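Which chain is which? They are A, B, C, D, E and F, in the order written, and residues in each are numbered from 1.
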Amino acid sequence: MRISSGVDGFDDLVDGGLPAGRLYVVCGPPGSGKTTFSSQFVTRGAASGERCLFLSMHETKDDIVEDMSNYEFGFDRAMASDRVTFLDAFSNDGKRFFGLPGDHHDKSNLTNRIVSFVESRDIKRLVVDSTMLLRYFLSDDEDTLIGFLSALKRTDATILLIAEMTDPTSYADEHYLAHGVVFLHNYLEADGMTRGVQVVKMRGTDVDTDIHPVAFDDDGIHVDVSATVTR
Amino acid sequence: MRISSGVDGFDDLVDGGLPAGRLYVVCGPPGSGKTTFSSQFVTRGAASGERCLFLSMHETKDDIVEDMSNYEFGFDRAMASDRVTFLDAFSNDGKRFFGLPGDHHDKSNLTNRIVSFVESRDIKRLVVDSTMLLRYFLSDDEDTLIGFLSALKRTDATILLIAEMTDPTSYADEHYLAHGVVFLHNYLEADGMTRGVQVVKMRGTDVDTDIHPVAFDDDGIHVDVSATVTR
Amino acid sequence: MRISSGVDGFDDLVDGGLPAGRLYVVCGPPGSGKTTFSSQFVTRGAASGERCLFLSMHETKDDIVEDMSNYEFGFDRAMASDRVTFLDAFSNDGKRFFGLPGDHHDKSNLTNRIVSFVESRDIKRLVVDSTMLLRYFLSDDEDTLIGFLSALKRTDATILLIAEMTDPTSYADEHYLAHGVVFLHNYLEADGMTRGVQVVKMRGTDVDTDIHPVAFDDDGIHVDVSATVTR
Amino acid sequence: MRISSGVDGFDDLVDGGLPAGRLYVVCGPPGSGKTTFSSQFVTRGAASGERCLFLSMHETKDDIVEDMSNYEFGFDRAMASDRVTFLDAFSNDGKRFFGLPGDHHDKSNLTNRIVSFVESRDIKRLVVDSTMLLRYFLSDDEDTLIGFLSALKRTDATILLIAEMTDPTSYADEHYLAHGVVFLHNYLEADGMTRGVQVVKMRGTDVDTDIHPVAFDDDGIHVDVSATVTR
Amino acid sequence: MRISSGVDGFDDLVDGGLPAGRLYVVCGPPGSGKTTFSSQFVTRGAASGERCLFLSMHETKDDIVEDMSNYEFGFDRAMASDRVTFLDAFSNDGKRFFGLPGDHHDKSNLTNRIVSFVESRDIKRLVVDSTMLLRYFLSDDEDTLIGFLSALKRTDATILLIAEMTDPTSYADEHYLAHGVVFLHNYLEADGMTRGVQVVKMRGTDVDTDIHPVAFDDDGIHVDVSATVTR
Amino acid sequence: MRISSGVDGFDDLVDGGLPAGRLYVVCGPPGSGKTTFSSQFVTRGAASGERCLFLSMHETKDDIVEDMSNYEFGFDRAMASDRVTFLDAFSNDGKRFFGLPGDHHDKSNLTNRIVSFVESRDIKRLVVDSTMLLRYFLSDDEDTLIGFLSALKRTDATILLIAEMTDPTSYADEHYLAHGVVFLHNYLEADGMTRGVQVVKMRGTDVDTDIHPVAFDDDGIHVDVSATVTR
């Protein structure tokens, strides 16, 4: 089964949609649109009646809603619905999850806590923002990034993992562990920044690996599938 | 709500001003103007009646006032007003804050001390100069850069974090954690140094990511929004 | 004795087939076709009546069967036969092997467990996916990658070791330990990704070291031996 | 207040002289003239009646006087006067300062010992040669380079810190901590070594950041302010 | 005294042969012919009636004989003679030498064991394959690569040390310790792999340091001394 | 006082000779002639009636005499005279010095032992071959390379320190500590190796920093001062 990414034009690059129940890495440098892409993914899920979990390790719910208020794809309505759970690592709820000091801090490890949450609530779409912060919370030897991602892959959720990565030719563990890798380009050229999206890997999918131009308009990220960017 | 950066021309690059209550990184090599940018930011806040805190880990108040006396944007008047608190890590007041040996040294961690100060005094603008020195003071395992910045982001203050960074394509944790990243270029060309400013990231903002020329005149840093620099 | 790789065209590059009973590294960046290559290798073995073991440290059996269902080379039939054992590190059977916490966890080291399995079951083809994860499971000082590969080389199985590697000029221990090294290229060019295969090393074999174009069609990976790719 | 560097032509690059009481880094590869620059700085101070301290961690007084005897700027007379104290880390006096084993070895830390010396003797110019050796002597956790430089910046002395650095685009802690950074270029070109000087940073100063040619004549280093070098 | 390398054409590059009783490093990337070169060296020794020791840390005797059976230089006959001892680290004999767990494991260190063997058996030619694996076996603090090579240099044997090395401009300890360094090139060009041999260093010898083309024909490696390769 | 290097043409690059009593680093890649340069230096000293010490950490006296027998500058006569002491770290005498296990092993540190030897025997020329091995013997915390070189600089001997270094733009501690740095170039060009010598640094000396071609003829290394090499 394939599900829509919620990003206009993107589904055409991956044979109609993302294979459901798998792990995808969305990576790129600061300012490349990783959070916007993920917000559209969650909004689309909520619109389809799916339960979604947005795990943010560095944004408050208010800030991300405000950021997305520049767009009209309906992130605010999705967030206000009962279908989306937003968990901010530093909020009171988040502290219990992420093991920060607080009143009711769950002592079992983060991997187990999140997998249990996903399974017990029947979460269909999960966003994890981001690998850098995940590593921060997973510093325990028993609770590693490889183990965390391996466990999440075994749930039924379709997962977007936001990753910090600046060089499209230098891969990290998560790129090999994921079923798919989407790169958001944002590179400096002589006359400014150029934006693009590229699907580097997508298992079980007839994939278009060209770099396609990306624009930010009122509906969020828009991929122009008819054009390609050459570096 | 957007607030003015205090730097002539810069606000035009970020849709009229910086979204308030957020964290921005100002980075660049030695001599690129990071401290001058931050001084203008504080001066503008003081002129608007906002309470400001300038945390310096390597300059005395006298030195920075003397440095800025080359300009006429009024840093000396702002510093002399009761709206700006300047805290030098090695002064007597600073030692209490930064945990250096001294008479009345607060034992709680630096993150908590600064957050409490910001919240109890209703600080609206905060400058932290700089990440290198911050790491020096945060060497404790309980008191990390990621935790420090995450906590500061939850206050109401608009924060400029001065960061040492020389390569615009190599990012550190703080660039991903910040809501915005401003790069001050200062690179050697065949005929000398070329200066420029570039907004690499600014969440919730329709941003101009071109490199624009920067000049230092009597009013401090001046950004020429009508021209661009090509590398 | 030489055996067929199961990949159309590939055997022509290595003098008719892979020398049996040896260790080969198949490496390349994410999305380059390493798993597909290995699946064809196992399918060919099963079709020839050989016992095969596919050790996956990050895929479930269902996912890999689904991924290969885009092709018609018969991976599903091979996997359904009693000739192929698929061991997923995080399944119940896999946990016993790989030492993950679980009910019946074998305490002897992973190297010994896998060598015993291969020898007692008379495994002829073995796929190990992948070095990154192997390192994760071999973190014990007594149980290293060099020792693991050295022991496996002494069994009668022909082994494909999937390795994460992005730069064809930067080699790791496994490339020197292996009898052969196959590189799957997948590099970004101005107009998209270019795919190719190159045999970098193959002991005891008159080898074609050119880069040949690779296509993915209904029968899986297809190597065009009559053409070469120039970088 | 600005003071002369003692290097012919250099003061013109920094608006007439170095702001007094501050810390400057003089860096460059072996053979670029760092010690000669510093010797001229001390000689000028002595000629103006200022007390000077030259801390050398790898030269004896005799050697440096002999080296400078090729020039006629009067270093020998300055060194013979009572205005200049030369402290060689491995001499008997130096051992007390730098904590090397010896008869009367001061147990307090190096930072405190040097700051006390500078303040009690009213030292106006201080040369520290060099950061590499400073790090060697400061290996104690309580006595770090950042702490050392921060403390020295708070004295009234104008300080030249000689630093080993070969790449003008790769900066270290001391470059950010200093009020100014002077780079002595000495790079290999197709037809030999090319010498130049460049002021990369100088706080509170209208600075000329071009690379200017440097010559060594009888009067020591001479900067040609009317010409520039292009790399 | 000079001895023949056994590689056709190679002796002409080193003034007629290798000075006897010394240590030579043969290095290059995977697939460059290091083992074939060493096999020809041992074969020539055996043909001259010299006792030879081939220490392999990753090949069995059967595998290497099979690999060399593609050539007609007579490696099989040499190995079958009583002049060549082949020691495979993971065989029963090898385990005693290399300290792997087994029945009769010699507790003295590897350096002493090998030096004793070479001296007591009057070994004239020794091949050590390879540095990577040597480091693995020499992990003990008392038994280092520098000590191992220094001790072997004091025996009467002529030694070839196979080293993993991919970049002809990046040297390791063994290149400085050896009396000679031979580089086997095998680099990717636009139209495939190019092979060559280069003598980078050869003490006490009037050496030809050009890169000469290398071919693999029925007699093994053949060096074309009349042609050179330009990179 | 200046002394001759013993290398034909070299003295012309350094104003007639090397300033006596100082430390010089001779560096370059394998095969560049560092040992030959040092052997000529010792031979010249012996011919002038000076006592010389050649500390070798990886060559026997016999091997180095044999290597130099290709030349006619008289190294064998110098070595046979009572003016030159050759100390091989692994010989019986050497073991006492360098602290290797043996009968009469001096327990004081290596720095003290060598300084005492130099001073008590009135050694005028000292060769130390090489930094890599020196680091191996100086592994003790009390006995570091910086301390060793600092102590040797305080003796009356003129010292050549052979250093492994391949990149003329990447410097190590010894290059900054030395009074002079001589680089022997030996780099691969399209048509083979090119040899040259370059004086990168020489304190107290009017130095020629061009790269001059180097040839090896019957008299050893010969520098062509009238020609330069361009890279």
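Quick notes
The criterion applied here is as follows: a residue touches a chain if its C-beta (ideal position, glycine included) is under 8 Å from a C-beta of that chain, and two chains touch if they have at least 3 such contacts.
To keep track of the chains, here are their UniProt names: A, B, C, D, E, F = RAD55 family ATPase.
These figures come from a predicted structure and were not determined experimentally.
If you take chain A (RAD55 family ATPase) and chain F (RAD55 family ATPase) together, no chain is in touch with both.
Farthest chain from chain E (RAD55 family ATPase), judged by C-alpha centroids: B. At the interface between chain B (RAD55 family ATPase) and chain D (RAD55 family ATPase), two copies of one sequence, fewer than half of the residue numbers in use appear on both sides, so the contact is built from largely different positions.
Placing every chain at the mean of its C-alpha atoms, the farthest one from chain F (RAD55 family ATPase) is found to be A.
One simple way to say how far apart two chains are is to compare their mean CA positions; for chain A (RAD55 family ATPase) and chain B (RAD55 family ATPase) this gives 30 Å. For the pair chain C (RAD55 family ATPase) and chain D (RAD55 family ATPase), the distance between mean C-alpha positions equals 60 Å.
Our note on geometry: chain D (RAD55 family ATPase) versus chain E (RAD55 family ATPase), Cα centroid distance of 52 Å, whole angstroms. Annotation for chain D (RAD55 family ATPase): no residues touch two or more other chains.
Shown here, the protein chains touch around one cycle, each chain meeting exactly two partners. Listed in ring order from chain A (RAD55 family ATPase), with chain C (RAD55 family ATPase) immediately after it, the chains are A, C, E, F, D, B. The part of chain C (RAD55 family ATPase) that touches chain A (RAD55 family ATPase) in the complex is made up of residues 29-31, 35, 57-58, 60, 63, 66-70, 89-90, 130, 132-133, 136, 164, 166-167, 187-188, 190-193, 216. On the side of chain F (RAD55 family ATPase), the complex with chain D (RAD55 family ATPase) involves touching residues 19, 22, 144, 146, 150-151, 153-154, 168-171, 173, 175-179, 181, 198, 200-207, 209-211, 228, 230-231.
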